[in-house]
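Take a look at the structure set out below.
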């Protein structure tokens, strides 16, 4: 499926002022949704025009990879690379839900071939290599195909000396690929190290959730790290931590705000300001002082 | 005064077993000293043959720069460099004890021209550039001359690609030289950065006390940092810290052992094992794996 | 504007100002001479202030440099820079409010900005630890120095700190090492480094972001190896003799230019920077952009070499017999 | 030697051994057949153990890899290396006993050694946090990686960890970032990197020091993206199904060679490495020195390129329609 199809369903209206009054009198049922944070009922169109940010409380809703890219880059500028690259089931993993079936289901449910989209685009007219992960696809876990697509994005950015912008979301490694999955951490981190050594800018956006092997590899090796409000970001899952330390977790544990306070991310950025912030940051990192 | 004169008064006996029995029956008074740590009375000859380490409790006594170098390097191998380089009184500093007079007194009392000795030597036959600071000389504070001698030691090591070993002791900056003193931190740190970039090994030994501007510049920029047992090492003086936080200091605060526990030094090394440890470390850093 | 903080040496001015305010509250129509008296008093105040500020002692300048209303790093950033992207965190332990780090634009130049951040009120001061960085602050600064180095961004560094914070945990987390690493990193930054002393320049905590290719000092800023009070305490066991120590330390802007450490002085209005910040902002903007312009075309290798040579020349000693 | 820890699958052997010990306590002179019976039983035990160990399941191997008496990093360092200089600390926050780092000599080669350090008894285990590093451990390892890189010292890395420690403060001090930085640093080390899986190889905490130019696995070591228990918990909400998960994860030495991730297997005696450590030490010494010899003459640039290409080939995916 060409990426352009993913865009057609929605209108990318950016920087719409939230909280505008809505005339709801003659709307059909079902276009109203309830914000999980503030429990307010919000008109779905309002959520969409507000980049899935609740106009009531500012909660940032989940995005598909396609929406993420659409919100981030100039309309129509995205050209996917490596779109035909997908996972196989190298270990014939059958414990629990068989992996082959899970892959098929994920493809059907998302219309995607893998959990990350990568390609070329422009952000407010600045050329970038861009990627976005989609949590709906087996928790955006990093198997061989995700690792390969991300590595190629790093390599493309390196070869063309074009800045890289990655919107990260992931539950961690894809255990159904065993050690092949773990080694993607080393592979993507090595690719990130090469890009860094070549002084090509790399900006990461950590969204909800960014956990496990992805956080512990390419995602946090960026020159500048932004995070979305309230995104969960960490290495170990909160339940494992809770079991290990046998006590409750502190309030806001592993939240983007907590990571900011602990010095791990450069800033927490509202989704509605992200495109401009990324463009501005790119201007600095690509400027050589001019 | 040639450096050889400093050595003549003492015999450099290395690695003598401590705690040997001493026949003290027919010795004159005055060659017995009391260890400040364990309060034991120790025969001075025993202290000397034990590198000024108390045979009773292992407390490490203060050393002059000349003794430090004598204990560290091969006998007769030290050749001083920049020995004629000394401090002046650039600010005509007269508050308190006039600086010019303090310099003169320090020179008389120590027979040294400045608070650091630098030169070439061999350590168990390995060529090194070596330096040692002498706390008796105005607290081994770093003025222009100390900073210049140390910087030249870094530059000599760089030019000749010979490893550098510095035995550090200092109360901090030499405030009587004002900002000229503070800038020696930047100067020596810059020289250390150049040596590091050239991949020439640099080993620092932090002795009692290593405080203030010296700790916060060249002293801690070494590839490997060793510390002497119980040496006080830190940035702010303990009284200032106490006044600031208005509570007592934890036991062992700013001790070499505390710094080890907090990850700041590579090891605490007994003076009697130092020469071999430094030689061994040099073998690794200069080996290129062979 | 009612000022709440009066420096000792400014008390004569404050008294005249108090008198002036009283006069202004009177009924002008009832006392025809009053208008003339007010004008005369205003002139007198201005003259007195100018006299005072034309010959401030070192210790008086130290007091001005610490004045609570003196413009802070945040004020300079708001006034001089556009498109500011603040960068947080050392990626190791924390984010230190006492150290500002970010990317910003001054004139037509994109730069990285570092600066000790004192608060502008009590609440801010608590969040910013009164401008005294923890190791995290220096490590954040170092991280941004390296970013600037990698991407060829000039660094503009604003000094305003009493010094690195001397706390127990700061020592334990390696305050000394954090500063040393900053020095070594700053030495090698392959882009211009322009330093501005805007207020207090306290010892190693200032120096960590405080040397480079140019040092611009505000007229009443100081930059010293040790605070006058601590110097007096050490020399005389009497912090009250700080005035004498301040003079001996030769740490005013004029002293530093004379010693070859500072390059340029930005003049302040009589009464200090806080009496007319816009004038001072303009002076700093001019000095910084001029310095950046002068350094812009120097190749990186030469920039780093010159920075080293500059330090190599710093120090006065004797050699030979 | 009385062993206190018996693995489930070894219980039949343990029972025979118990019987053997009872027999040996009897009076041989009173029962002439006893000597023969003892010999027979000893043979039976040996045969049973060999049978068991010739076809261990993945889960059984995991148990062997975690056996409390299994040789630890410290044992390998004592047995294989001379002139050991342990290096402590991350120069940032602490010194982590769960991560060994130092300089050492193996045969005629001087190297840097990294290794997860489990304790050999309860006291050591507490000091070493049972071999699960905090961020400080990874940052110490990274520091020594950079030292090795600067001075061209090969790295020998010993893997034996259940994983990075999942504590609250570990997360707060950036466990993920500490591991990521290790990976990026290890990728660029301009000297050979030889990794040996000696016991547990738990996920990212193992990988942080666990890839390079060669991966040598002990026969009963494992190296997995996730522990079998946690995998079973996620898949079935039942840690008891770890055996099934262990098989599916394909994380034994044999599996890793088959998958092209490991290069070589060092055989263990029947009963596991702890039954005859000297044999295993000899095997590891041989494999490591051979690897170091093979890599010694590869130019640094090529070494780093090859290491990257090695990772580039790791992964199985489909491309095209």
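Details
Each chain gets a letter, A, B, C and D, in the order it is written, and its residues are counted from 1.
Keep in mind that, in the parts below, contacts are C-beta pairs under 8 Å (C-beta built on N, C-alpha and C of every residue); 3 or more make two chains touch, one makes a residue touch a chain.
Just so it is clear, the structure is predicted and the values come from calculations on it, not from any experiment.
By the document's definition of touch, common neighbours of chain A and chain C comprise D.
A comparison of the B-C and B-D interfaces places the larger number of contacting C-beta pairs at B-C. In terms of the distance between Cα centroids, chain A is separated most widely from B. Each chain gets one centre point, the mean of its Cα atoms, and the points for chain C and chain D are 55 Å apart.
Centres computed as Cα averages put chain A at a distance of 35 Å from chain D. Each chain gets a centre from the mean of its Cα atoms; for chain B and chain D, those two points are 42 Å apart. For chain B, residues touching at least two other chains, in rising order: 196, 220, 262-264. Shown for chain D are the residues in touch with two or more other chains, namely 91-93, 173-174, 177.
If you sketch which chains touch which, the pattern fits none of the simple shapes: not an open path, not a single ring, not a star, and not all-to-all. Two chains count as a pair here when they touch; such pairs are A-C, A-D, B-C, B-D, C-D.
Put simply, chain C touches chain A in their complex at residues 83, 85-96, 103, 108-112, 136, 140, 147, 150-154, 191-192, 296.
Against chain D, in their complex, chain B makes its touches with residues 196, 199, 201, 220, 223-224, 260-267, 277, 280-281, 283-290.
Taken together, the chain D residues at the contact with chain C in this complex read 91-93, 139, 173-174, 177. Across the complex, chain D is touched by residues 82, 84-88, 90-91, 93-97, 143-145, 147-148, 151, 173, 175, 177-187, 189-190, 192-194, 196-197, 212-213, 215-221, 234-237, 240-241, 244-245, 249-250, 253-254, 258, 262-264 of chain A.
Residue ranges on chain C touching chain B, taken from their complex, read 164-168, 170-177, 179-181, 183-188, 203-204, 207-208, 211, 223-226, 230-232, 234-236, 241, 244-245, 247-251, 255-256, 259, 261, 307-308, 311-312, 314-321.
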